[in-house]
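What follows is chain A paired twice: with chain B in the first complex and chain C in the second.
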Partner chain A sequence: MHIPDGYLGPATCGVFYAVMLPIWTVASKIVKKTLKAKQVPILAIGAAFSFVIMMFNVPIPGGTTGHAVGGALVAILLGPWAACIAITVALVIQALLFGDGGITAIGANCFNMAFVLPFVGYYIYRAISYNAPIDSNRRVIAAGVGGYIGINVAAFLAGIEFGLQPLLYHTASGQALYCPYGLKAAVPAMLGGHMLVFGWVEAIVTALVIKYLLKTAPELLGPSPSLRNK
Partner chain B sequence: MKKKSNFIRRSLISALSFLKDSVFAEEYTSRNGFLQGIDPRLKVASFALFFITAIFLKRAELLILLYGLCLLLALFSKINLGWFLKRTWLFIPVFSLLIVIPALFDIFTPGETLFTLNILRAKLVISRQGFFGARLFVMRVIVSVSFAVLLSITTKHFALLKTFRIFGIPQVFVMTMGMCYRYIYLFLKVVEDTYLAIKSRVGTRLDYKKGQHIVAWNISALWNRSYHLGEDVYGAMLSRGYTAEPVILDDFKTKSRDWLWLFFVVIFFVIILYIDRRVL
Partner chain C sequence: MKIITKFWIGLAVLIILSPIGLILPEHFKAGSAWGEWGADEMQKLAGYVPNGLKRLSILWNAPMPDYAVKGWEEKGLLYLIFAYIISAIVGIGLIVLVAMGIGRLLSKKEF
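Now for the complex of A and B:
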């Protein structure tokens, strides 16, 4: 899901930085307004948590493993705007300090994984678990569905971003300058892997983590903490 | 029937290799090399120009020249070239090299015929556009990844995060990044210890369903611990004089050599983009 440098052209990268700028501004204003002084470290903890989730190898049938992004999970735990900041911080650290995900593609990666994924995942979770008691199984199912749909929408958008490159950037003879695959190849490739494998990993991890938290620490999923209401 | 699952071993390997890479990077940042001596703020600005150059160039020959400059800078910065090549080629460029293979053929990239391969009576045509497009794509990826890694292994990570201030990013973001960076190591240690404990008690032979429950339990336990840790951290911040307005200490010093370096990079940037646009 992390788009590396060199896959997207300069204008595409620029557009996504421009799109993310107001989102980051709104996110920081909302979080600053709603975050109690005592909760300041929770943003950094949320960011580190998003970073570390991606390092958990999840076993899947066939003896292999995959990993979750955890975007919907972080949004359910922190609220979508705080999750946007936390995941952005994790993505920037990954790209800048550990070479995972492109530096020029930070805007696009943040749009897919720090904005679309947590927001889609969170609002699907909210819609399905609407009025459900705190110990209801509906919350577990809602979290799984949110995780699955959130990551697939993000993968679909990443596929479109890849697929637009040969249309936007090519030489007169038709040579691609960036990602060489058009929409017909890039979208099914991105969606196929996520709908069949990684989406399920995301759904299982999100649902099971919420299930365990409901059992062991339901206060962390309570109905109205300041951050989650926004 | 229980299937052998290596998720515990793989999680341990990824946590350990992450920590090992960080130790190596920290060792390189402490060396007395060329890039280590440049003011981090000007270094970030100059590397931003390298990233922009890499993304704008349309000629693979100029990307090769840029790659040569990157390797030269790595040498002058006392980086072990073998380690650097291994660190930069694995994983993203090798992955890019593999995924670009179908784009060589005229099924995906129609155009003039460059080579024709006969495999099991099937005729596969490599198009000129496909071949040169793939070459440009892989070169662009390796150049960008190499510069990103070079920046991170020649600049102290904490200093690198502090340079965000020159781009006008609010201090609360810079502070969050700094704190997050510290927490990552703490969390990785927790993950490593937990997996070692599981491995020593139940081994690695677990069916995948049980494994998924173990992973989810680990993540939820990590969040539970972290959430409560947040309150302790806030208490520690207050005891050190935190007044809800984060202050980042600025201890950067710029020398004339740093400005000379930036001047060289700007000139290089202008010339290489001029050649790229003029020749194409």
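Now for the complex of A and C:
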């Protein structure tokens, strides 16, 4: 889901940087109000976890590859705003150091993976696990569903971003200037892979880690977990 | 053991296991992720390389492109695996530094 340089036109890239700027600003303000010094390592671990889980490419035999992002998981642990900052750090390092995702597309990639995914995943988790006791299996299921839907909404949006490009940018003869695949190709391709395979990887990773943490460190997942409240 | 210590150990295990993400796609002959093709692949897939894509795709020269070490491409799978692990270590090292820096700037001073 890391959109490379050259797939999105300049205006599209600009719009997503412009959209992310206030989101990053609000995220900083909210995290500044809630983050305690002793919680800083958890923020770093969340960013590092998201980075390394994205290295686990999962193949669709003979087809494409994809990966989990851990976005919902990091959001459940840190709250969605801190998760946004953590995943942004991972995406920026991926783009700069490893060329995974373009530098012109950092705004768009952060919108999909560092904003939409953690927020959708987090609120679905909160809704399904509402009032569930800390040892309840409903929390594990809620985490899995949050991960699955979160990554699929993000993939759907990436598909739309790809698919709009041939409409927005083409030569007089109709040749695309950037991503050449329209909505009818890009949306099913992005959504298909994530609904069938990569979304399940995200769901399983999210659910298993939450199951483990509910047993070993329930204080991280209590009614007023880590970074969300004081 | 403190949960933070367990998290760090978990990260170390993931670093060591990370080459699974390199070997599995190779084994099952899976290509790039959708929409992440280089210009050569785009030529094969679409029959042409869009002009803007050609121009922008060379905008940034990443020091470790695709989690590999430059010059090791032809040295075989073991080198690729080793480079993948180095990439995970370097990436996580930098991310932890940056995230710790941001966290310090944003956090309240109380412990």
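Annotations
One rule holds for everything that comes next: the second predicted complex is superposed on the first by the 214 of 230 C-alpha atoms of A that agree within 3 Å, B and C clash if a C-alpha of one lies under 4 Å from a C-alpha of the other, contacts with A are read in each partner's own complex, and residues count from 1 in each chain.
Operating definition for what follows: a residue touches a chain if its C-beta (ideal position, glycine included) is under 8 Å from a C-beta of that chain, and two chains touch if they have at least 3 such contacts.
Remember, predicted model here, so these are calculated numbers, not experimental data.
Using the contact criterion defined above for the overlaid structures, shared-chain residue A:Ile3 touches chain C, although it does not reach chain B.
When the shared chain is aligned, chain B and chain C each come close enough to touch A:Ala48.
Shared-chain residue A:Met190: touches chain C; no touch with chain B.
Contacts of A:Gly174 after superposition on the shared chain: chain B is touched, whereas chain C is not.
In the superposition on chain A, contact of A:Ile204 is made with chain B only, not with chain C.
Common to the chain B-facing and chain C-facing surfaces of chain A are residues 4-7, 9, 28, 32, 37-45, 47-49, 51-53, 55-61, 63, 65, 85, 89-90, 92-93, 95-99, 102-104, 171, 175-181, 213, 216-217, 220.
Across the complex, chain A is touched by residues 3-7, 10-11, 14-15, 18, 21, 51-52, 54-56, 58, 87-88, 92, 96, 100, 102-103, 108-112, 128-130, 132-134, 136-137, 140-141, 143-145, 148-149, 151-152, 157, 160-161, 170, 172-173, 175-181, 183-184, 186-188, 191, 206, 208, 211-213, 215-224, 226-227, 229-231, 233-234, 237, 244, 280 of chain B. Residue ranges of chain C in contact with chain A, taken from their complex: 3-4, 6-8, 10-11, 14-15, 17-18, 20-22, 24-25, 27-36, 42, 46, 48, 50-57, 59-67, 84, 87-88, 90-92, 94-96, 98-100, 102-104, 106-111. Contacts from chain A toward chain B in the complex involve residues 4-7, 9-10, 13, 28, 32, 37-45, 47-49, 51-53, 55-61, 63, 65, 70, 73, 77, 85, 89-90, 92-93, 95-99, 102-104, 171, 173-181, 185, 204-205, 208-209, 211-213, 216-217, 220. Those residues of chain A that touch chain C in the complex are listed here as 1-7, 9, 28, 31-32, 35-49, 51-53, 55-67, 85-86, 89-90, 92-100, 102-104, 158, 162, 169, 171, 175-181, 186, 189-190, 193, 213, 216-217, 220.
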